[in-house]
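Here it is: the structure, laid out below.
Letters are used for the chains, namely A, B, C and D, taken in the order the chains are written, and counting of residues starts over at 1 for each.
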Amino acid sequence: MNTSVDLGGIVMKNPVTTASGTFGFGLEYQTYVDLQRLGAITVKGTTLKPRQGNPPPRIAETPSGMLNAIGLQNPGVERVAEEIMPQLAALGVPVIINIAGDTLEDYAQVARRLDGVTGVAGLEVNISCPNVKKGGIQFGSNPVTASEVTRAVKSVTGLPVIVKLSPNVTDLVAMAEAVAGAGADALSMINTLVGIAIDVDRRRPVLGNITGGLSGPAIRPVAVRAVWQVHRALPLIPILGMGGIMTARDALEFILAGATAVAVGTGNFVNPRATLDVVDGIEQYMKEHGFNEISELVGLAQRDTTRSDE
Amino acid sequence: MNTSVDLGGIVMKNPVTTASGTFGFGLEYQTYVDLQRLGAITVKGTTLKPRQGNPPPRIAETPSGMLNAIGLQNPGVERVAEEIMPQLAALGVPVIINIAGDTLEDYAQVARRLDGVTGVAGLEVNISCPNVKKGGIQFGSNPVTASEVTRAVKSVTGLPVIVKLSPNVTDLVAMAEAVAGAGADALSMINTLVGIAIDVDRRRPVLGNITGGLSGPAIRPVAVRAVWQVHRALPLIPILGMGGIMTARDALEFILAGATAVAVGTGNFVNPRATLDVVDGIEQYMKEHGFNEISELVGLAQRDTTRSDE
Amino acid sequence: MSQLMMAEITGCQETGPGVWVTELLAPSLAQAAVPGQFIHIRCGEDSDPLLRRPISIHAVCRQSGLVKIMFQVVGKGTAWLAGRRDGWLDIMGPLGRGFTMLTAEKTGTAAVPRLVVGGGIGAAPLYFLLQELAGTGYAEHVKVLLGARNAEQLLIHNAVKLLGFSVSVATDDGSAGYQGPVTDLLAEELQCKPGYVYACGPAPMLKTLCGMLHNAGVPGEVSVEERMACGVGACLSCVCRVKDAGGLETFRHACVDGPVFAAGEVVW
Amino acid sequence: MSQLMMAEITGCQETGPGVWVTELLAPSLAQAAVPGQFIHIRCGEDSDPLLRRPISIHAVCRQSGLVKIMFQVVGKGTAWLAGRRDGWLDIMGPLGRGFTMLTAEKTGTAAVPRLVVGGGIGAAPLYFLLQELAGTGYAEHVKVLLGARNAEQLLIHNAVKLLGFSVSVATDDGSAGYQGPVTDLLAEELQCKPGYVYACGPAPMLKTLCGMLHNAGVPGEVSVEERMACGVGACLSCVCRVKDAGGLETFRHACVDGPVFAAGEVVW
């Protein structure tokens, strides 16, 4: 059975990685997960300079989901490259670094710094973080700025570039087309939905940052729809699907909708072994249903389907 | 204690109504709910001609939510006006009729037909239904078309007009501004998020219509955020808030974020008495916390709050 | 009239592999229910699982006010339900349109020979139907056909015999009764021209059955399953495609117009 | 080392109004745990409630491999937990940095007089701390102050007396011990210059306490509560604002850098 996939130039031995920001730098989960069994490790959003992040409370639980407003707390690209990557490189698993910035130049500088760092297999460009004012989602809600960021990053790195899209837009396909046109090697979707929770007793928002990003099983139908629509419009660009994946069946929804690979995010918090359960469960499904190549499953649910009103 | 509210000209004795499409024409729930205790009854989306709706399956359960693709099945405005309104009018509760159409002219004709029908207290203009191809969400994703629909309806009716916004847009505030500028008396938000669920065993979408609208507690944080943002930008226009309200505490999140009134939707399916539980719970909260006027609570959580990055 | 109520769980046991019977104390439900109707059950207090689950009424004792449901564990709602051994259940019911009880007035003669056909867990509501038919005194005119995957998964057949009915059984693997689909047994019985057929079971079985009844010109009713949200006709989700006498296709709602429909009107 | 495991529930009882003690058979946890550490518990199998709940380790018996947690029902996670009377619990642990056990090597003399101060449910982890302190043979140098709303809500004080410690009690309504906040008792004790203070309780109490320790120049540690997702330092959600020796403020993570922090470093 062949479960290996090529995510825009990142070769993964199975289609399962971690969603940025939910798995730290991987090492935090080493006690629970044999990291070498992962298809890739996607690490926390990294910026040029270290960031403290937002004031607490940073999370709130919501029905089948959670809001987070971490605010891109991270040690900065220099320490990631110097201190963290050597440890991760030793694992021999492809590492995808999620990068963010306030300006085009920030993105370019972070990307340039990571080019050639041992172990880094690709970059995931976060243009969709809802929890920082500048950059983040600003770039991600406009096809023009999104393609500018993509080009800025592509022009300074030889690494495969995945662009991470925001679901908080009217026309996701237009965004996908724009960044694909600007040279993105793959797309990742979805980042969190913007949400607010109010503490009714204190009559204030729960989060220090007021708004946060909604993740977890609650958003899965929105995420599957995003993958479906983009895969339908752009069948050739590989998609890294995520949003509420807890089990292999959840992951298969994304793959059948058109994702080449999947990432487990919030699910890690609930079940630290979720990634490996997904890896095992996908293999089992393929065995039971007689699939030899994972690629046979990609987008399979779209075959012969037309909307009643199309 | 005064819990009565004025929703853009619709006077409700308490801030609680039903979300269109989740309470039929009210009569279906008569066995379980004393309809006269509701602030208003908002009924199923009504179109010019009767509609059959979409093929089954029309719903799918998702974590803390559900997808629906009913497709605006309804008996048409003529039967609503002739057969259903007389029964509802007898209750003496304000009735809000949710209207939809394929064209501007459709909307105008439905609105004109309902003008002056006894018992109809207002219209809720659905420009955000994700489950029909034409009309619906098409009008709702563009500020220009949205304001055209608003104007078309306003110009033919003397009834208060609530415009129902879609959360599936990049800039909700721009939409709100557009329809408010076109004369909307109130805004209602949110309609469902577009989602897909895949049946992993059959490798096909669960819904006959493929995509559906996501409702229920899962979307509450997104809905509260929508109300918060629009109330912040347009503090003078009344908002009917909805999305995942199951309890009085949920409803209070919306009111504290800036909603003048609230609607219970999917919650009715889970607890047919949810509307009345919300009515009672809001009163109890006001008693416990010493509020005499419901209006004191509207938007209260926004006072003295600024985002850390503003 | 349907009510929203908290019903006390007075018993819960596994009667077959993954099949449970839960007994509830619900006198008003016991009074009002007719065979083929269902109750709508909230499975848990949090929002996952969110929607109520529709489960048919399996047995009723009007005297004691006890109502039984029989269900198969297939997902999280039914798994939750199987875990309830005592306490209270939040239910709505009775809901829906049940089977038509052919009385002497309706048929001219109540002694019209009837067939009751169940497949798999579809047998659950048929027991209540048979309880009522037993009460009419025409039990000898009723024949019961039950199908299952294997002997172990066969439901209600012993209980139905105790009610005094004659039962024929079919299993896919032949481990009990005839080896093959229960519709093979039906084919034989149809030659004796039964007056009316009641059926409940998986969709493919019902589809075949409806076709056979049509060809044989035998009237009957089938109970169908559709995904439901409200259970009361408000959400319009549980549509079943039917055709009227003129052949015109429309949608009907399984929660209020069904779940029991005339065998001839369902479009498969 | 922390592990993900299914631990068997060997007991569960209500010990105060809305406060429960659950006993788990978890030998590896019992072996590895130190006072002040916590376990991260999955409350249910579905996705609401979604996140694990952090609960401190309340008591440990290394010999039998039994571990107890004591918790107050405040929301859906703890309500679910209180409903588990047997079966298995999906837990991770032990997690976090616990209290510093002052050994002879660390302090020059282990006999430094210590105060242990608990407020409300904050008493839960202190019992494990006192179990360990009892084992050091310096119990006579330890004094325990416990606060609660009223006598009924007072926790662990009898058990702590049985361990051989002297306990003073404060209640808001005076129904047991001193009437007033437990920090009033602390004020008195601080005059005797204790060598070290361990505390756990609601944030306002800890804030007052840290201020008092600062003024009195007494070192100590407090256990804080922050909202947690991962529990292992990966999600960066559980931040606690601390200042370093130079007064520079940064964020630390309650799940790995805490939940126990030096009293002087927490910024309230």
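Going forward, a contact is a pair of C-beta atoms (placed from the backbone, for glycine too) under 8 Å apart; a residue touches a chain by one contact, two chains touch by 3 or more.
The model shown is predicted, which means the values in this text are computed figures rather than measured ones.
Between subunit B and subunit C, the least number of touching-chain steps is 1.
Chain centres here are C-alpha means, and the one lying farthest from subunit C is D. Measuring from the averaged C-alpha position of subunit B to that of subunit D gives a distance of 47 Å. Averaging Cα coordinates per chain places subunit A and subunit B 33 Å apart. One simple way to say how far apart two chains are is to compare their mean CA positions; for subunit C and subunit D this gives 55 Å. Subunit D has its Cα centroid 37 Å from the Cα centroid of subunit A. Counting partner chains per residue, subunit A shows two or more touched chains at residues 55, 63-65, 216-218.
Counting partner chains per residue, subunit C has residues 46-49 touching two or more of them.
Interchain contacts join each chain to each other chain, per the touch definition above. By the touch rule above, subunit B contacts subunit A in their complex via residues 54-55, 60, 62-65, 67, 71, 132-134, 141, 168-171, 193-198, 200, 203-205, 208-212, 214, 216-222, 224-225, 228, 244, 249, 252-253, 256-257, 285, 300-301, 305, 307-310.
Residues 1-4, 42, 47-52, 92, 226-241, 250-251, 256 of subunit D touch subunit A in their complex. Within the complex formed with subunit C, the subunit B residues making contact are 21-24, 28-29, 31-32, 44, 52-53, 55-61, 63-66, 68, 70, 73, 216-218, 246, 266, 268-273.
Those residues of subunit A that touch subunit C in the shared complex are 63-64, 217.
Subunit C contributes residues 44-49, 76 to its touches with subunit D in the complex.
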